[in-house]
Amino acid sequence: MMMNKLSAIGLAALLASSTVAVAQDDTSKKLYLGVGNTSAEYWTQMIWGATQVMESVGGTVEVIGNDFDPQKSLQNIGAITAPGCEGCIFTWFPDSPAFTKTFVEKIADAGGFITTLWNRAEEIHPWDTAAEAWVANISFDGVDAGYQNGMALCNAMGGTGEIVVLQGVLDNAPAKQRTMGLEKAIAECPGMTVLEMQVGSWQQAPAQDITRTWLTKYGDRIKGIVGQNDAMALGAVAALREAGLAGKVFVTGTDGSSDVVKLIETGEMLSTMSGLNEYQGAIAAALAYGARTGDIKLSDLTEAQRDFFVQQILITKENATEFLARKPDPKDYTYEAIKADFWAKSAGQIPNGVN
Amino acid sequence: MDATLRFLRRNGAVLVLLVILAAVSTAAPGILRWRAINSLLQDNAPMLILIVGATLPILLGCLDLSIAAMASLAAVSAALLSPVLGSASVPVVVGGAAALGGLQGWLIGRLQVPSFVISLGALGIFKGVAMYLTGANMVGITPGIWIYDLLGSRSFGMSNSFLLVLIVAGLFAAMLKFTNLGRNIYAFGANEIAVYISGVRRDMVRSFAFATSAGCAALGGIMMISQTMFASATVAGSLLLPALVGVVVGGTAISGGVGGVLSSLIGGLIAILIRVGVTISGLPPESQDVAFGITILIAVALTTDRAKIGVVK
Amino acid sequence: MSKLLQSQGPLLALLGLVLLFSVITDSFASWGNLGAVLEAAAIPAVVAIGLTFVLMQASIDLSVEGVASLANIILAITIANSVTATDIGLWAVPLVLGVGLAIGATSGAISIYVRMPSLIVTLGMWLTTVGLAALLYPGRLPQILDTRITGLAIGKVWGLSWIVYLTLALIIMALLVEKHTRFGRMCRAIGENEPVLVMSGIKVIRHKIAAFALAGGCYAAAGILMGARIGVGNTQSGVGLLFPSIAACVLGGTLLSGGHGGVRQSMIGVLILVTLRNGLIMVGVDPLLQSALEGAVIILAVAGSTWHLRRKIRVIK
Amino acid sequence: MTAFSLEGISKRFGEVTALDNVSLSLNEGEVLGLIGQNGSGKSTIMKVMAGLHRPDSGVVKVGGRAVQLRSPAEAALAGIGLVHQEQSLIQALSVAENLFLDKPAGSTWAGVYRWNSLRDRAKAQLDKVELDIDPFTPVSALSFGQRQMVELAKVLSLEELVHGHLVILFDEPTAVLNPPEIQALFGQIRRIKHRSSVVFVSHRMDEILDISDRVYVMSDGRNVATRDRDAVNPDELYELMVGRQRVNRKDRKPREAHIGAEPALTLNHVTVPGEIEDISLKLAPGEILGLIGVQGSGAETILRTVFGMADDWQGKIEYFGAPLDIDTPAQAVAKGIGYLPAERKTEGMIRNTSVSENVAITYGWQHGRGAGLISRAKERGMIEGWVRKLAIKTPSIAHRIDNLSGGNQQKVVLSKWLFGKTLKVLMLDHPTRGLDPGARSDLFAVIRELADQGLAILLVGDTLDEVLTLSDSIIVMKDGRVSARIEGVQAAPPSEEDLVKAMV
């Protein structure tokens, strides 16, 4: 029991010491950035972009990792807003579109501003839901990614051939968008037919197991493999290597991760779609900050300015080397630089029916 | 002195809750505002009701791994049924969930397959059915159905969802204390065979426990969509581990027979506060999980009454 | 026949699945697909070996995914890689295994000395190791450049990668440990009746900590093999290993209540699960329904293979 | 020559003094019979000798030297071994491994078993107890009698391990043995006397008198008498132990049974494959029907079949004239049938739970407020009544049952059946196993009273004496069949020899 008491004191001390460290800094200059995790290329690039913007105005970024768990996201937002958070600014990745409404409404209740990334339910938009707090929703065009990769595959196969598709987690919007885009490509390229689709859950190892099984099931009928993200595409390439087919079967991914771009350089992969990841982080941070400082008047914004895609580029053998060599210049990511034209790199309003 | 010690041991969970509350509110005094507390309770009401429900199978020494999948399935079903049935969709879904849970409990006895396996299988089945029902799409709730509006709003200044959690937990606590069924549940957890030979209907007790855990899970799913207004096949999928953590932090023994619904509720509150503390601590995101994990371990060490547990497994 | 059913229920379930898929698909029964099944089974098998020793003692270990991910990251940043300058060569392997052993031993020691159920200790350890993996992540995805590691997945002998052979070697070692060492024999005995062993002066605490350490070592080995397979250090690499591994052990007859089963049984369980996944793809089942079918098969397989054990006075938890 | 001695040993558990300044000395080659009621401290004294408990004060001496026995392993090194009352073998392990489980030299090299060496050493031990089985047989495949012999062999392997004199402790070894097995055990004890001293605990006076050289009597944690066998007066020992005369058949008036005309329970050609065959019997209200047979004769199976616990059975069971169509104990209880299992710890008591919950588990609802609500206040009074009536020694009814002595636990388990209002048939499976004579006679009186109140009682007895004392009629079982039926036992008791002949 003595030990119990001691550890109770220890527990209190641990929590108190860690929590006392909280500096009550100026809420207008601190961005709460909710991300999936901090250990993947996309996220680090996005965080970098947001951090550049906030540091350019003398502010800070507090990164919150939610491990793609909406419940954890909800608890974290709750923890930040509960003690009071008038005028706080947020850029948040809602782990599931089902929760986007709850998140923005919570932040609206607390009197904060939020920009969301990637996920919203089809029926809700920044201008009709918590419109005074939800500044914008910023995503990449998954349909376009699916379509462009699909067309690249079609062209590489010479217009005919059977392909297999590694899907992401089924109820994630990007998975569905990329499938829609692929279907659009198939409609334009009727010679390309899908043998089978399976769920690789965005992960490399399951994708590798599935591809290996496909290779024994269909043998050399498979001419192309669509990986709906780069990790699954890497799994497919690994399985192809085992079968000595790497470079002979065309593989596409999406994300533009450097590993995949290197494979595109060497010819083991065909293409991947890369968003302007740093820019997405930067614009999201800048819009939230702008709304907070009054640089942006939300009521003046058009729908296309509050719910839009950021540009992306298809990487193939032609531009792979150039893509790898590029290095984002912090000067392009200051608040002032972005503010000059917030929507310079918008790829247009998000259409209906893709979420 | 002895009395103090006994008091400390019996109320370990409450004390830990107070200690953590004190620590967190020192760092962020705003957390003590009614509005803040209310908002935390409302957000976490779905998790808390899952914790309440999950306690009963654990009191038997069983484990129900299907609760989070059931919550998602219930959310999806309620959303799909609400245009047709309106508010009646809630009792229909909760009743259906309880029936499925009861079936699980009954199958454990009939097939003599451990609950871990049955509920793991059920997890897969519920997830698959939810996926199939929605075609992996989101389903929105038709606005204006009073029961969802009710769950999403407040009375007496308190979240209705959390009030419902309190009512359900209170009912179960009373059931455990004052009814024959409650007595049988504790005894079942302590020695299943002796209870069987005492003439207790084993299958019935087990079915009841699993029906309540599934019914509570369904309520949790419904509370969740009353906040989100959207359901998907994985909407509550991540609630399983937090729910189990809550039960254990409250001092309910995994081996069965020891603990209770109110302890679990307190355990859930402890887990929520630890999460709040870790998030507002300003620790880098990478260390937050480590801090959470270690603090939870310490909390469990403090709340478990080891005197009642035999061999620790 | 009934004797056979009693002792070999899971094996028969496996054969039944193989037969079923062979009849209803053309491509299932082929050498190529056998290879595919074995490759897919290798890493879960390594995890299941470790879990088996813990489960036999009637404890449980949920830290699988965290430890495997952490091991994978440590391997990737200490061996020749594309991000950090550190390169300790193959010393990374014993280092990683040592970390796994130490984490396992820590879980075991906490569970025993602080008298907390292993379920909750290893749950905490799971969260903690996931966090540690994220802490150690060097900012960019480290590609493993040491070909002695990546070659394990790429190099083939008789159509199978070295990963499969290493796994086989581990299985044989585990079987020898289980059958012929005092530690191995004591694992099941601890699960059956720990107090008697304590009274007999058996160093039960040592055996229990050893089982957790061994398990941690196995998860670390799985993390290394995963590194070989995916060629990078990824904080998510262990995700999805836990529940299938536990399900596999239980499917094979290693009961959660302890005192039963063993490495051989768990390996059969792994094969049942992997064969099922493979077969469902071969049949081309709608991905939406796959998890439902898997769930149903898990229940039916365990029910079928333990049907003969049904007794009114059996304790089922 | 004193081989072993305890001097002024005291041991307390919380508030309870288990041993109060106890001294004991054991001569070389001597068998000391240790008797006492349950809770008199004899189990504790055995555990102190075996290194399972450490005394609070006092000295333990082996061969005249003071020693500290910190664990069973240290006790073993000092040549002291305990043959456990309860089965202490690990079923998952082979006989050979079990034999050397608690020995430091376990035929291992760097943790790896050397199977050949282990087999030879195990074989040698099994030969000592004349057990002809493969040393690598798993214990789960052995019969109870065989297991007890393995337990003995396990302790006897100290002979090779320790060079000096041995002290072998037997804690109620005969509880689960049948008469031939008991004789075999006594043969072993006599054989090992040449280099061992033996302490032998039993509840059965005849056994104590048969095997002991001296008798050591305990009561309330003290040694109240030590007698040489030749000077023993059993009645005096009983008086010392329990403070009352033995309940003796000769002294007892035959019970005046009021047996009902219509049978409460009728079994017609009941068969449980592999266990019992073609059993028919009738039991009337007010009657006590005794079943007796050696271990495995199937007497217990009859009770469990009636109680709905058999997995598979054929035949017909009638209950007050109507077919008894049940599949679970719950259904049996609903009809008014009760069953007291022999395995108290695993099947009888609900561990980690209070006395009152153990009593109220079955019929508590009958004293409740209806609608499934229970009334603890109302229960309390009734439970306290039963605690007094059965003389259950417990500080309070909220006390945990685990902390009571075996006899008191058994009384608690029995009272759960007496707690209800609807019981018509009570089946007792070895109800007095492990009970001291005082508790036994208490229980006998209760059983008789219950029958007088019209309860039909089916009893599987622990001893011949018990069955003869209580029963109105007796059925003797042998190999799953009825081998003899005796009616009118109270009027014309059969001889014990006749019964034994029918049993074996």
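Of note:
Labels for the chains are A, B, C and D, by order of writing; each one numbers its residues from 1.
Here, a contact is a pair of C-beta atoms (placed from the backbone, for glycine too) under 8 Å apart; a residue touches a chain by one contact, two chains touch by 3 or more.
As the structure is a computational prediction, the values presented were derived from the model and not from experiment.
For the interfaces B-C and C-D, the C-beta contact count is higher for B-C. Inter-chain centre distance (subunit B to subunit C, centres taken as mean C-alpha positions): 29 Å.
The geometric centre of subunit B is 44 Å away from that of subunit D, both derived from CA atoms.
Averaged C-alpha coordinates put the centre of subunit A at 70 Å from the centre of subunit D.
Of all residues in subunit D, those touching 2 or more other chains are 309, 328, 347, listed in ascending order.
In subunit A, the residues that reach two or more other chains under the touch definition are 38-39, 65, 67, 170. Chain contacts: subunit B has residues 131, 136, 193, 196-197, 285-286, 288-289, 291, 301 touching two or more partner chains.
All chain pairs that touch, listed by label, are A-B, A-C, B-C, B-D, C-D.
Of all residues in subunit D, those touching subunit C in their complex are 52, 71-73, 76, 88-93, 97, 101-102, 104, 106, 108, 111-113, 115, 308-311, 328, 347. Contacts from subunit A toward subunit B in the complex involve residues 1, 4-5, 7-8, 10-12, 14-16, 18-23, 35, 38-39, 62-65, 67, 69-72, 74-76, 78-84, 96-99, 101-102, 106, 109, 121-123, 169-171, 175-176. Contacts from subunit B toward subunit C in the complex involve residues 60-62, 65, 107-109, 111-118, 120-129, 131-132, 135-136, 192-193, 196-197, 241, 244-245, 248, 253-256, 285-294, 296-297, 300-301, 304, 306, 309, 311-313. Those residues of subunit B that touch subunit A in the complex are listed here as 5, 8-9, 12, 15-16, 19-20, 22-24, 26-31, 33, 36-37, 39-40, 43-44, 47, 131, 134, 136-138, 140, 225, 227-236, 238-239, 242, 272, 274-286, 288-289, 291, 295, 298-299, 301-302. Note for the complex: subunit C touches subunit B at residues 57-60, 110-112, 114-121, 123-128, 130-132, 134-135, 137, 194-195, 243, 246-247, 250-251, 255-258, 286, 288-299, 302-303, 306-307, 309-317.
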